[in-house]
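Heads up, the next two complexes both have chain A, just with different partners, chain B and then chain C.
For the complex of A and B:
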């Protein structure tokens, strides 16, 4: 037992420091590649109430739709392909399916459909796929990755008919599905929404005002302790480390200063990269104003149960399944980007 | 034979004068030859040559008499070995015979055979009983479908079973294609009148003739 605890599963932290004024910065590409984000939390120091622009932006995040018990072969419907998939910008993810136990489906904006299936489902489906890269010795999980924009997957093509026959008659895959489309919205998703039970949701925004927050000096802080501190602020974990309480022994890293007030805003839901991009721009404008805080932190969490993390790379859950990035922006347009993944993940871009 | 006759023939009269010999009569010639031989051969008084030669057996060579094997073998029909079978191509179906319609009567026959074997496939008959019978039955002519397989491209192929070998099934599909499907790592479904039975191919790797004698173990669940 103790041997297992000694070897904690590895996690990967990639840190990058650059400036937004530098034209070679890859920030927009990196933000764009995390397709499915679950939560965004923003920490604004020395701020007592949210600025109005920020509020309006947060409430204008695109809404997403939850379709109950969608049979997955409907994603190959001709109308849906024409309206939503081929123009690009569709984001779809199966909801409440666990990546290590159930079958998960992800539909990405570049027209790739990714099915992460367990062994029995893959053997029933009968479409080419590869074993999962993690745990490949036991071969218990298979990934079927299909490019819907390819010529063989055009409606009536050989690959299309085989996949449709497989999903319709051999493997009956039904999941709850979260669906969203960036520029189009509801009109593009209409072919699917007409036939099934759906509900519309907007991302939930919650704000919290914190007082007397001890905050480390950011430039001199190492990434691990900084991320730990940000996590404690986000999760409301006390940092006193008093001798009488054994719940948490986390403290604010030294050297530290005290902020009289700070604002923590978090948004939950199926959040799309273009919206996050607009949020980053808005925060940048906010930082340009004088007299306000000299830094802003933004953390974007990806879905734990999504089959893909960055781009098309596979994602798995070992014990955590985290895939998130933290962006620290400073007054002088420079930023620090920390990308973190868990054990069953490849290196972020 | 000719040479001997030539030697024993009398010399023709014309040559007698030339050679300066005269042919003797038969009795005189025999007496002369014997006397000549007696003088030429060394006479050893110790050994009585004639008696020696008459009583001694001279061993010239040593061989055992061969046992009569051919009589037994000719009763059993000699089979062909694998090389001869492959060369004669007796198990190959010619392309003009590879048509789905030709095998439909076989499929009907097989249905009847199975229904007779299970003494009438009623909806009330127990699956256990039908399974036991099916395990020992011959499957030539059944409609097989690959339901699950480790190799995704085999899944979904359906057709009439034409030949069953030790490790493969040969199936003819509706498109008149003869498909060879290995038994290992696949699950086949056999359907008779609404009764579907799944066969785990990995456990079925015997020749059809040998399978009737094999006992199958009862296993809980089988993973491919």
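For the complex of A and C:
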């Protein structure tokens, strides 16, 4: 019995070390593949206020739209397909739906529509899908993945009409929907925005200035201790404890140094990979300048309830649904990338 | 800028760590019948230890866990426990039903093997 009590669900941490100067580095591919990001947080050591161009970039993340009570069959609207889906670059995700209990929908920039449905909804829809890989034995959840750019899904085609009928007359799937488009913006989404109640949102930026921050030696720190330390910085957890304290024995990993100041900036909302890619490039330029800190860290959290995490790979919650990565970039162009996922996820790319 | 050493340039390493996380982190919220009751962090930890002792005996009471952060206004805490002790801690939190003769319950809001995940929970996104 005690052995059973010791077990916890699977979790994966993928650690990669390479250099940005290496032509074969896969960093941009890995960044582009996490389609739905919720939060980016950047830590700049030895910095009291961000340089203006970095600051303006952080405030210029693409805005996104929340459409209230959108019938999902509207995503198959001919105008919308032509303006937003076929050119690529559309990001859509159902809002306030929980993937462990509700039906969730994601529209990806490559034109794939992914529906994660409970058994009853799947049977009502009457469209080809497969059991969710994480509970395939109980067959309680199904995933329908459709390539809207495929010829069989062209408006008027057989597959198109079948899906449209399923969504419109049988399933009646409505949900609040987050939508954004890069680089087209609002113009591309107009076919939907014209007909439904929507609001525009810009990602929220918050800045926090930290002083006397104890910091481990990052190059030699083991990945889990490093992520824990970044977690304590992000969550404002005190590291000033001793091993005998009653409340907490958490301390900064040894060996460590003290940073006189640091800046933590975070951005929250539906964030698009192209914006994050621009931010990484800007941070790279920031590191090239002399007299500033010798490293920066950037953490990107994916949406917990998204039906996909990296690329088209299936994602579920089970307990945490975490899917995030942390990128540490150093002065000499080397970098460390840590990609983490929980139990209901495949191995990151 | 200094030219980068070629050897360094080509170094590439990829490691996959499976279930290697030494700790699990929990975000918990204590709901009390009398909403004006306040606990200090020390009282909260002592209360959880009592729960561990009731369910898992003296061995359970010796389980090491940390209260990383505690907000006594919202009665919300971040806990850290060795992965091996997670089930024991979680089960005793679930079964803690009364604090000083008033009904109470622990709501486990989030559990993760990564502390970072607790500060980036998309379920907290409020757009209204």
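To be clear about the criterion, the second predicted complex is superposed on the first by the 336 of 349 C-alpha atoms of A that agree within 3 Å, B and C clash if a C-alpha of one lies under 4 Å from a C-alpha of the other, contacts with A are read in each partner's own complex, and residues count from 1 in each chain.
As a convention for this text, a residue touches a chain if its C-beta (ideal position, glycine included) is under 8 Å from a C-beta of that chain, and two chains touch if they have at least 3 such contacts.
Values in this document were obtained by computation on a predicted structure and should not be read as measured data.
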* To do: Using the overlay on chain A, decide if chain B and chain C clash or can fit next to each other.
  => fit
* Just chain B (first), just chain C (second), both, or neither: which does A:275 touch? -> neither
* Partner chain in contact with A:125 - chain B first, chain C second, else both or neither -> first
* Asked: If you stack the two complexes on chain A, which partner ends up touching A:66: first (chain B), second (chain C), both, or neither?
  -> second
* Asked: After lining up the shared chain so the two structures overlap, which partner does A:166 touch, if you call chain B first and chain C second: first, second, both or neither?
  -> first
* Count the residues of chain A touched by chain B and by chain C, then name the partner with the higher count. => C
* Asked: Can A:345 be said to touch chain B (first), chain C (second), both, or neither?
  -> neither
* **Touched partner set for A:314, first chain B, second chain C, both or neither** => neither
* Which value in Å is the smallest Cα separation between chain B and chain C when the structures are fitted on chain A? -> 30
* To do: Would you mind writing out the residues of chain C in touch with chain A in their complex?
  => 1-2, 4, 8-25, 41-42, 45, 64, 66-69, 78, 80, 83-84, 86-88, 110-123, 125, 127
* For chain B, which residues are in contact with chain A within the complex? -> 147-150, 152-156, 223-224
* In their complex, what parts of chain A are in touch with chain B? -> 119-120, 122-129, 162, 165-166, 170
* Okay, in this complex, where on chain A does chain C touch? -> 4-8, 10-19, 21-22, 24-25, 38-39, 41, 66, 95, 98, 199, 201, 223-224, 227-228, 230-232, 234-238, 246-250, 268-269, 288, 299, 301-305, 319-320, 322, 324, 326, 332-334, 340, 342, 347
